[in-house]
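Structure first, then comments.
Chain nomenclature is as follows: A, B, C and D, assigned in order of appearance, with residue numbering initiated at 1 for each chain independently.
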Amino acid sequence: MVDLRVKIHKLDLKNPVMLASGTCGFAEEINSFFDISKVGGVFLKGTTLNNREGNNYPRMAETASGMLNAVGLQNKGVDYFIDYIYPRIKNYNTPLIVNVNGSTVDEYIKVTEKVDQLEHIPAIELNISCPNVKEGGMAFGISPKGAKTVTREVRRAYSKTLIVKLSPNVTDITEIAKVVEGEGADSVSLINTFLGMSVNAETRKPRLSTITGGLSGPAIKPLALRMVWQVAGAVKIPVIGIGGIMNAEDAIEFLIAGASAIQTGTALFKNPVVPLEIIDGIKDYLLRHNLKSVSELTGSLHL
Amino acid sequence: MEKRFVDDFLVIDNIQLNENSFLVRMFAPKPLPEIKAGQFVNAEIKDCREIFLRRPFSVFDIDYSNNYLSIIVKILGRGSNQLARVIKGDTISLIYPLGRSFTYPSEHEKILFIGGGSGVAPMLFLAKDCGLPRDNVDLIIGARTFEDHINVNDYNGYGKFHFTTDDGTYGFEGLVTEHPLMKKNLSSFDKIYACGPLSMMKAVAAEAVKKDIFCEVSLENSMACGFGVCLCCIEPTKRGNLCVCTEGPVFNIKDLKW
Amino acid sequence: MVDLRVKIHKLDLKNPVMLASGTCGFAEEINSFFDISKVGGVFLKGTTLNNREGNNYPRMAETASGMLNAVGLQNKGVDYFIDYIYPRIKNYNTPLIVNVNGSTVDEYIKVTEKVDQLEHIPAIELNISCPNVKEGGMAFGISPKGAKTVTREVRRAYSKTLIVKLSPNVTDITEIAKVVEGEGADSVSLINTFLGMSVNAETRKPRLSTITGGLSGPAIKPLALRMVWQVAGAVKIPVIGIGGIMNAEDAIEFLIAGASAIQTGTALFKNPVVPLEIIDGIKDYLLRHNLKSVSELTGSLHL
Amino acid sequence: MEKRFVDDFLVIDNIQLNENSFLVRMFAPKPLPEIKAGQFVNAEIKDCREIFLRRPFSVFDIDYSNNYLSIIVKILGRGSNQLARVIKGDTISLIYPLGRSFTYPSEHEKILFIGGGSGVAPMLFLAKDCGLPRDNVDLIIGARTFEDHINVNDYNGYGKFHFTTDDGTYGFEGLVTEHPLMKKNLSSFDKIYACGPLSMMKAVAAEAVKKDIFCEVSLENSMACGFGVCLCCIEPTKRGNLCVCTEGPVFNIKDLKW
């Protein structure tokens, strides 16, 4: 048998296949298709201190091998999560990770402190890379200074596993990765969506209410893979690879490039059971290549 | 949360209903769960380079004894164009069942359906499935011109049909909202169901509000996932932004901000 | 009749559809398919001071709706161009623009000075955004300081139309655009390719000899469109839109977003006659929308 | 520069030659220009989501009287798999003619073809097109096993065929380079032409160099454009990095850095 287990700091994952924040709701929706305990972990929908209605409709535009979204962190706020959602999902037998968002450092800290109280949330993913909100979000993730401040302050408030999610909309993602590592992040996950735009030529209007939105899906895979490779070479903490992973082959490419685990996002919209297919595909691959453990794949790019 | 599935359905037949509309009947690979009128499926469009996401289609008919599920596909763009060309023996991957159904009418209620375009699909399903006698059911079906209407003879037993065309080539000349049933007899109905172009549904809703009649509409906001995780399909409602795919597609107009 | 003419500084284009550097050779190859004088302009293959052999094979990898290349500016040097290629192509009846490259500012200047002597080259495109060379190239284009220096020095040496080609691999492309405008660039063209990577999962090797390469094609269109829109809002000089333009609809989207003209690149590989289709498509669109001139489209996004 | 074209060709027939190989014959929409053995076309792969670029295929046959162009498609991956499934009536967009042909032999020369896999296509074309009597032409065709060979009976008039299989199920057991004609009689040939797997061509080239015999090979470097603008298909040669699509695909081994 092959060993699919992966360790991300204090998190023990049964396999490296996790679900990306904002693409798997609060785990229940995917659990309506298959037993969610089979995946390595679930990154829950981005959560803020207060209720957010998000951006106006339309929020979505299809692109070549991808899609733009402009959801804008619609969620009912962390207290609602704690009171109504957490009790329903807390017993799923897989790590549930809250994706923490804020417009200010203070909001990030407040959400973190509240989530810290939850026994069944072993980690948070600090989202400093959402391109769809006016304040905070990506603003923190595209400057080393912003990334430094928010990571430091949240680290101070949180002793469980802290994963920082990086924005690809930067000149040098390794610079940001090194900064957040320096401030005590236990892992980095990358990438969040790329800032893009879509125009309806006939009406001459933007296709998104917000004009620009975040690009995800296979279109961005080559860019995400490059960034994962760069960051894995620049930091010592484990890297979680995200971006256009549609099948086991894609996932394996990210592991080879240096990721310890991966998240699948947009792929879930097309195929909600894709995590199971990826897990099986990785298993097959390891057997076929005579590898005992998935960790042997991580960073095994032959140069 | 109820179980949902992703499965390859086998195309049994594909009947062209008019220039742009196709009735695609598919065999489900496992026993179909209960599916009610208003619910939908999210269909994968195969081998079409330009299309990345699935496309939602209302369920038009369920035949539990044969394990068949049918949809009506109206060609609008590339995805529907591709789907409309399936042939017997092809497979279509569907995510199902999705969304909430219409509130089914109670016994003795008098109900009115108002539909246009592919909006007829969930309404014919409800007319057939709701179990009301023919006399309690009226349907106003609108279209641009005679050729755009589909043949509904099979459904004559389930309700009284009234047709409208913009150009008067079939039935009443004018919009569905201008039909005498709408203009004069609206108050005689207990429930109104509308499905079709947004402007039509809004016009119907305005009349229903005026007469204070129960009215449900089925929205077609564009969707990425169809099962409530992407939050792309939202409609502003009095209860906040709601996902059309999970809280709808059927909404009581009282909840909408129209 | 509709008016397709466009002015980019002193350049009079008969229409806004041009061919992107590195994707149309030295115009002769595309002229083997149709009369090249029909296009608005041709951006010739990137030229350096000396002969360059470029990178090793393999230099290409297909991706979802796109491709990666790692050509690395293979060319025979500016003197060879002047002696052997220029004489053959100089009488094509469309603006021929040399894409100027260098590892140092000095090399950029030397190439520019030589090209300045050529009567039939009315403009240069300063390529400060090639991601496939070890020295120079993108290094200049991703820092405001580098962009400033090279633009200033080249501007000093060149009085014809100076177009600066921007890299998308930056946090804020408007910052770079404003800097080069400030140094006297007559126009900016954007974008060059995005730095990406591809891995062969079976062999665990990179698919490009250089590991990373430049991503082009429809996959990047939403990102390019966003950048064109941002830059058009930030500078006063005309913007030339590039990135994933495959047909007239795409081209029109770029014009609406703020481009005065466009270049089509990777699309030529799939369909060498696509420029003619785009020109016809724009004509049809203008007629259908009752517009008299293509310039009415530029920046006409309805917000 | 010679004229090139992009046109939709109409599939006339598609004959399966063995488990993986298909002979696709197409009708050109305008009179075909002269095309010689070794030249190729770049074919668009329709409706295949995973594929973005065209795929190059050597011309296998030209029938000027009917305006037909044929290629042999061997299934290797997704693109060739899609192309292998075309049926009569489909269209395929081709960019043509591309590349340089083999140097055709002179009268009275004795020539040897060595090919494997889809590499037989340009060689059968040259054998037929070069106009030499049967006695002057030998062809060694290699394959893994009997089933991988294609039927070349139609070509028996153009040369003497010698087959090899790795497993001895047909013809000589062993690699083409181990065939007696290669081992013993190589010096009797004036020109050698090889097309097939890289390792095979390199082995043939090594023998030809040893015996100082003229030898041309046809390379299959991966291509983006096929007509000399992308510079992706380069081969390092003694004249620098050259584009296989325009300076090749046929190279004299003297120019290569093998």
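Basically, contacts are C-beta pairs under 8 Å (C-beta built on N, C-alpha and C of every residue); 3 or more make two chains touch, one makes a residue touch a chain.
All values reported here derive from a predicted model rather than from experimental measurement.
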Self-check item: Distance-maximising chain from chain A - centres being C-alpha averages
Solution: D
Quiz prompt | CA centroid of chain A to CA centroid of chain C, Å | solution = 34
Exercise. Just give me the whole-number Å value for how far the CA centre of chain C lies from that of chain D.
Key: 36
Quiz item: Centre to centre, by mean C-alpha position, how many angstrom separate chain B and chain C?
Solution: 48
Quiz item: If you look at chain B, which of its residues touch at least two other chains?
Solution: 49
Quiz item: Could you say which residues in chain C touch two or more other chains, in rising order?
Solution: 63-66, 217
Quiz item: If each chain is a dot and touching chains are joined, what shape do you get: line, ring, star, complete or other?
Solution: ring
Self-check item: Contacting chain pairs - touch in the sense defined above
Solution: A-B, A-C, B-D, C-D
Exercise. Spell out the residues on chain C that touch chain D in their complex, using ranges where they run on.
Key: 22-25, 28-33, 45, 51, 53-54, 56-60, 62-67, 69, 71, 74, 217, 266, 268-273
Quiz item: Once bound in the complex, which stretches of chain C touch chain A?
Solution: 61, 63-66, 68, 142-143, 169-171, 194-199, 201, 203-206, 211-212, 215, 217-223, 225-226, 229, 244, 249, 252-253, 256-257, 285, 300-303
Quiz item: What does chain B use to touch chain D in their complex?
Solution: 47-49
Self-check item: chain A partner contacts - residues on chain B that touch it in the complex
Solution: 1-6, 44, 49-54, 95, 221-236, 240-241
